[in-house]
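Pasting the structures in now, so scroll down.
In what comes next, chain A is part of two complexes: it sits with chain B in the first one and with chain C in the second one.
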Partner chain A sequence: MGTYIIRRLLTLPLMLLGVSVAVFIILHLIPGDPARMAAGPDATEQDVAQIRANYGLDQPLPVQYGIYLKKIAQGDLGDSFQTLAPVTEGIARTFPATLELTVAGMLVALVLGVPLGIYSALNPRGAADRFVTSLAVLGISIPGFFLGLVLMLVFASMLGWVPPTGRGTWRHLVLPALTLGLPYVAAFARLTRSNMLDILSEDFIRTARAKGLSWTKVTYRHAMRNASIPIVTMLGLDFGRLLGGAAIVETVFAWPGMGRYMVEAIMIRDIYVIQGTILVFALSVVAINLFVDVIYGIIDPRITYS
Partner chain B sequence: MGFLGYLVRKKNYVTLLATFVMAIFLMAALLAPFLFDWETATRVTLDTSLLSPSLAHPLGTDELGRDLLARVVWGARITLIVALVSVAIAMILGVLIGSLCGYYENWFTDAVMRFMDFMIAFPRTLLAIIVVTVLGSGVLSLTLAIGISTIPANVRLFRGPILALKRRQFTVAAKALGARDSSILFSHILPNTTSLIIIQGTLSLAEAILIGSGLSFLGLGPQPPIPEWGAMIAASRAHITSHPHVILAPGITLFAVILAFNLVGDALRDYADPRSRKAI
Partner chain C sequence: MQPSFLKITRREGLGLGLALLSSIMYLSAPTSARAEFNLRIVQGTDVDTLDPAVSRSTPSQIVFNNIFNTLVRWKDTKLDEIVPDLAESWTKSEDGLRWTFKLRRGVKFHDGTPFDAEAVKFSLERILDPALGSPNRSLFTSISEVNAKNPETVEIVTKEPSPMLLEVLAEEYAGINSPTAVKKSGRAYARNPVGTGPYMLSEWVPAQQLVIKRNPDYAGTPGKPDKMTFRPVPEAEARVIELTTGNADIALNIPPEATEKVRRNAATAIVTEPSSFQIFFELNTTKPPFADPRVRLAINHAIDRKAIIEKILNGYGRVPDGIFPRGVQGRAPGQPPYAYDPDKARKMIAEVFPGGYNEPIVIWTPAGRYAKDKAVAETVQGYLNAIGLKTEFKVWEWATYQKTLYRPETGKGTGRGSNDANMWLLGTGVTNADWRLRRKFSSTDDSNLTGYKQPRIDELLAKASVDMNYTSRMQAYADVQKIVWNEAPNSLVLFDQVQLIGIAKGLKGLEVYGDEIIKLDQVTKLGRLPPSGR
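What follows is the complex of A and B.
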């Protein structure tokens, strides 16, 4: 198992290189001349040429890639054209908010989905079962921004239980987290249910029952632990999806996260901000996948990496 | 009609209703220019702004005084065009690359598949946002963004069946008879994936509408005054508390259409292959 984790970690530099090349290419595909944008509207041709030389933008592409990698290694992602502040500063300000929102959304999906799945596995063909099936289709059909606005209308405007927008107390987090997490509740419930059903019919469950263990113990100790493996995988996959959906939820609730930071930069073609945020999003996805694979190796000793 | 009869037999009235919703959506999209002229859907008349639903304006008016029914109907047309074209791009390229990667197994197709797996690990919305960033916002780049970001998933989806089909006897027989690779692939193997293409196409339309409306909501899609549902909701959301109808009219329509495509896609899957029904 130790070698599995080491081997998996060894693929990391390759992934990072791939991500950095992809982001570098994207930067160059975005229309607009970064030197001209950095120089501002009143700059002379000479100023623009000066900036181009300073940024190394007059060098051949492979050299520019080298400069870019070196700058990343030094923790320099360039400066925003609009605010002139370093992009790393903007990311440090907004990323924690996005992470908080994504983790909270994930918890909503887990805390509601897994018990619902266990319940419907223990009571197959019951009302909970039918409820989960309908909920699954609704979950993949509702646009996040519409769900968010409806929740805001009902719970913030009409009932006044929570504030409609902004970030601060836990009350501010409730609606964005629900908006992000609710569509995934049914997916988690379905996965938990089918795993539980598979495992409950296995020999070792019968053995556990035969030696006189109680239903509760068999269900929660033996079955639940084994059913959790695919849930961890899905957690990893969905974490990336939630991170992608965060931009929309952040816009609805004026949540000061990195998704909004990115979208606002796209609107005004603030190239270094776009590049930096895409890089951090991509690295988060790579990190989560790696983390899940490692966890997977730890909880299931049968897995080897080849 | 086979499929409708099947729904009635199965007493699947929800999906029957979904088929009806889909039909209305298609009709609205096709007939939009005959129902309302473009002027009605886009001209700003401030003295009629934010009217509640009435006989003259069945869904009310938005903050710029435009009739919401006209905008929702024209929105159907924009939505359908974006969804159809993006799904066509994703299906044609996805099926083509997927079948080539399934048919020829070598280092190159292996590398292509590795790359596709790498792409699939990234969230669809994020991929689409990146493509829009490169192409700029607008109807065309939105369409391309949705199409391109769906290709990796389609490649993986279609490669599997091709891998299985090329080991079947009829393929081996065709090869033994001296058929060319292209003829084996296109006239022997691919026709066997028709039902998968139809089912996946229907479900992809639902996803394309979902992602497209999300990008439009962020302001990365069609620009005003083009009546796209996501963009309409984004433009009117300041009035959600005082005039909820400006959000609910396009929002419920959007939700209903996506739901309809998903329900019909699921039912088509059961219809095409009763064995694939989710085990209970």
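What follows is the complex of A and C.
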């Protein structure tokens, strides 16, 4: 296990290098002039040329990449064109907010999805089962920004239970977390249900029941533990998707996170911000997958990495 | 011996004193314990920098206008008179090259640094320093020297007679910074601005909220709100909800389709103000069919602007009566609006192309940059087809669009009709008469994208740029406006925008400029009950 983790960690820099090359190439393939965007539509060509020179954007691409890489190695992700502030500062400010939102969204999906799945596995073809199926269709088909606005209209505008937008107290977190997590509730419920159904029909469950274990013990200790491996896998995979989905939710709810930071940067071709945030997103996805691998070993000691 | 009722023991004396004290405090309570007036504003975009010299976004300027003063300023939103701000008075030399400003005494920056001629010199030289990389630098390049004659006198020398100097100094970019603070903060100055204005920065969490509080030592009219809280809320619908739930007092940039909700709410209202923004198609004057001014005039008659405003913009727009909307300096009012007359348009084109013009006209538009830009452009395409023109249509993403318009191809130079389109949709909100005209009509300006070249216009603009008499200079600008409207346009003018601002009822004292800058320091709020426990 230990050597496996170390090996995974060693491939990390290589992966990030790959990501940085890909991002750099894409950024320079999409048209749009960062210097002009930075200068604003009313600036003169003279001003734009000045900005281009200040940021080294007049250099050949390989040189620009070389400079960028050298800076990364020194822990400098460059400065934003828009705010002139270091990108590392922007990421340090926005990443915790995004992490908070993503984890909260994940909790919503888990806390609602898993019990719902267990319940419908124990009562197949019941009302809960049908509910989960329709929820799954809704979750897939409703766009995040729409769900967010509907929730805001109902719970902030009509009922006044929570503030509409912003970040500060736990009440600010409720709506964005629900918007982010709700579409995944059904997916988690269905996965839990099908795994539970499979495992409940296994021999060892029958044995456990036969030897007189209580219903709770059979369901949670024996069945649930075995059914949770695919759930953890999905958790890892969906974490990346949730991070991405956060960009939309953050914009709707004016949540000061990294997704919004990135989206606003893309609009104005703020290239160092785009590069920096994508690197951190990639790093988070890699980290969470490594984490998931470690969790496997804890849940199921039979899993080893050689 | 004293009567016993006059005897006051020590303990009683203390009690009495406390009672007296508390009653005094009670009496003075209305001023000290009065509910704090926190003016809460939601904007569509976040503040990017609070350093005036490098700023370029309206949301930032709305905030830092409260923090900084300039030497001179516009008296009001009419933009026809410049009045003293940090400068008390000024004179210019006979040849128009030397300006002497007498500064106000006893003014202090928020950090305690005294305001003096050195601070003016420092701020202006800073923006002129290429190393700062200010996108606004070229506005100031007519200045050759700034001399601090003595603490209360500053002299500005220009390279050539510069009639626009006062207008430049009234721009928000020319805000005077505390030299001590700039030197101390270095690059972090954008987040720690120090000026002389009615408010000072209290807290700024980017993307979350920015708070400014009243400067107790302000030298001018003190601000009315105790503090102001600015929050960026990108989603327009969410801004409306912030306003209608009483979580905000002012919601900026309300889209036309959301106005109904604000109007219907008993506690909120919509303020409609003229905007200096005009939306138009620029026409490529370097190649057919728009090389001929008659064709450019003709298509201006092919468009039903009223229908566009009613059907696409929910009625929020104005049929233009000139190339300067209300809120632009030196506006020549009352040009006759172009009548919608497709037959006339067809005839005018037939005069130039008797066999009809059969090449496709290439139309470009951005999507999502201006109000309903793509829908408007599609409608215009329909009107052009209706008078027998063939068209090709292309929609662009904004960043790509801008780059393509300004730098069409490496080696081909900038602007001046060198791109592949015949017409492209743009808008401008510049309020300064000279910049607005020069960028669009001077044959030598890099921002003149249409390749427009009219010796008469060039001559008028050149003369105006050195004319030290304000009245005759404005007359020259008015002449330009008339010529390009009635004889030789370079645009298909579409509509003037209106600004829609959502406010809590009872809010007064908003000063709204045509370019969406809003002065907030004199805003008062009356008659609004505190939000009910939400």
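By definition in this document, the second predicted complex is superposed on the first by the 244 of 306 C-alpha atoms of A that agree within 3 Å, B and C clash if a C-alpha of one lies under 4 Å from a C-alpha of the other, contacts with A are read in each partner's own complex, and residues count from 1 in each chain.
Definition applied: a contact is a pair of C-beta atoms (placed from the backbone, for glycine too) under 8 Å apart; a residue touches a chain by one contact, two chains touch by 3 or more.
Owing to the predicted nature of the structure, the values given are computational and were not obtained by experimental measurement.
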Tell me the contact category for A:S157 with respect to chain B and chain C: first, second, both or neither. both
Contact-wise, after the overlay, does A:L243 reach chain B, chain C, both or neither (first, second, both, neither)? first
Tell me the contact category for A:I30 with respect to chain B and chain C: first, second, both or neither. both
Taking the superposition as given, does A:L149 touch the first partner, chain B, the second, chain C, both, or neither? both
Have a look at where A:N54 lands relative to chain B and chain C in the superposition and call it first, second, both or neither. second
Of the two partner chains, chain B (first) and chain C (second), which one does A:I274 touch, if any: first, second, both, or neither? first
For A:Q82, using the defined touch cut-off, is the partner it touches chain B, chain C, both, or neither? Pick first, second, both or neither. second
Which of the two partners, first being chain B and second being chain C, lies in contact with A:A282: first, second, both, or neither? first
Considering only touches as defined above, state whether A:I140 meets chain B (first), chain C (second), both or neither. first
Once the two structures are fitted together, what part of chain A is touched by chain B and by chain C alike? 30-31, 145, 149, 152-153, 157, 251-252, 267
In the complex, chain B touches chain A at residues 118, 121-126, 129-130, 132-134, 136, 206-207, 210, 213-214, 217-220, 230, 233-234, 237, 240-241, 244, 247, 251, 254-255, 258-259, 262-263, 266, 278, 280
Show which residues of chain A lie in contact with chain B when the two form their complex. 15, 18, 26, 29-31, 124-125, 129, 133, 137-138, 140-146, 149-150, 152-153, 157, 240-241, 243-245, 247-248, 251-252, 262-263, 266-267, 274, 278, 281-282, 285-286, 289
State the interface residues of chain A toward chain C in the complex, per the touch definition above. 30-33, 36-48, 50-51, 54, 82-85, 90, 93-94, 145, 149, 152-153, 156-157, 160, 163-167, 251-254, 256-257, 260-261, 264, 267-269
Give the list of chain C residues in touch with chain A in this complex. 46, 48-49, 51, 54, 56-57, 130, 133-138, 187, 190-191, 205-209, 231-235, 237-238, 241-242, 244-245, 247, 397-400, 402-404, 406-407, 414-415, 428, 430, 435, 439, 446-447, 534
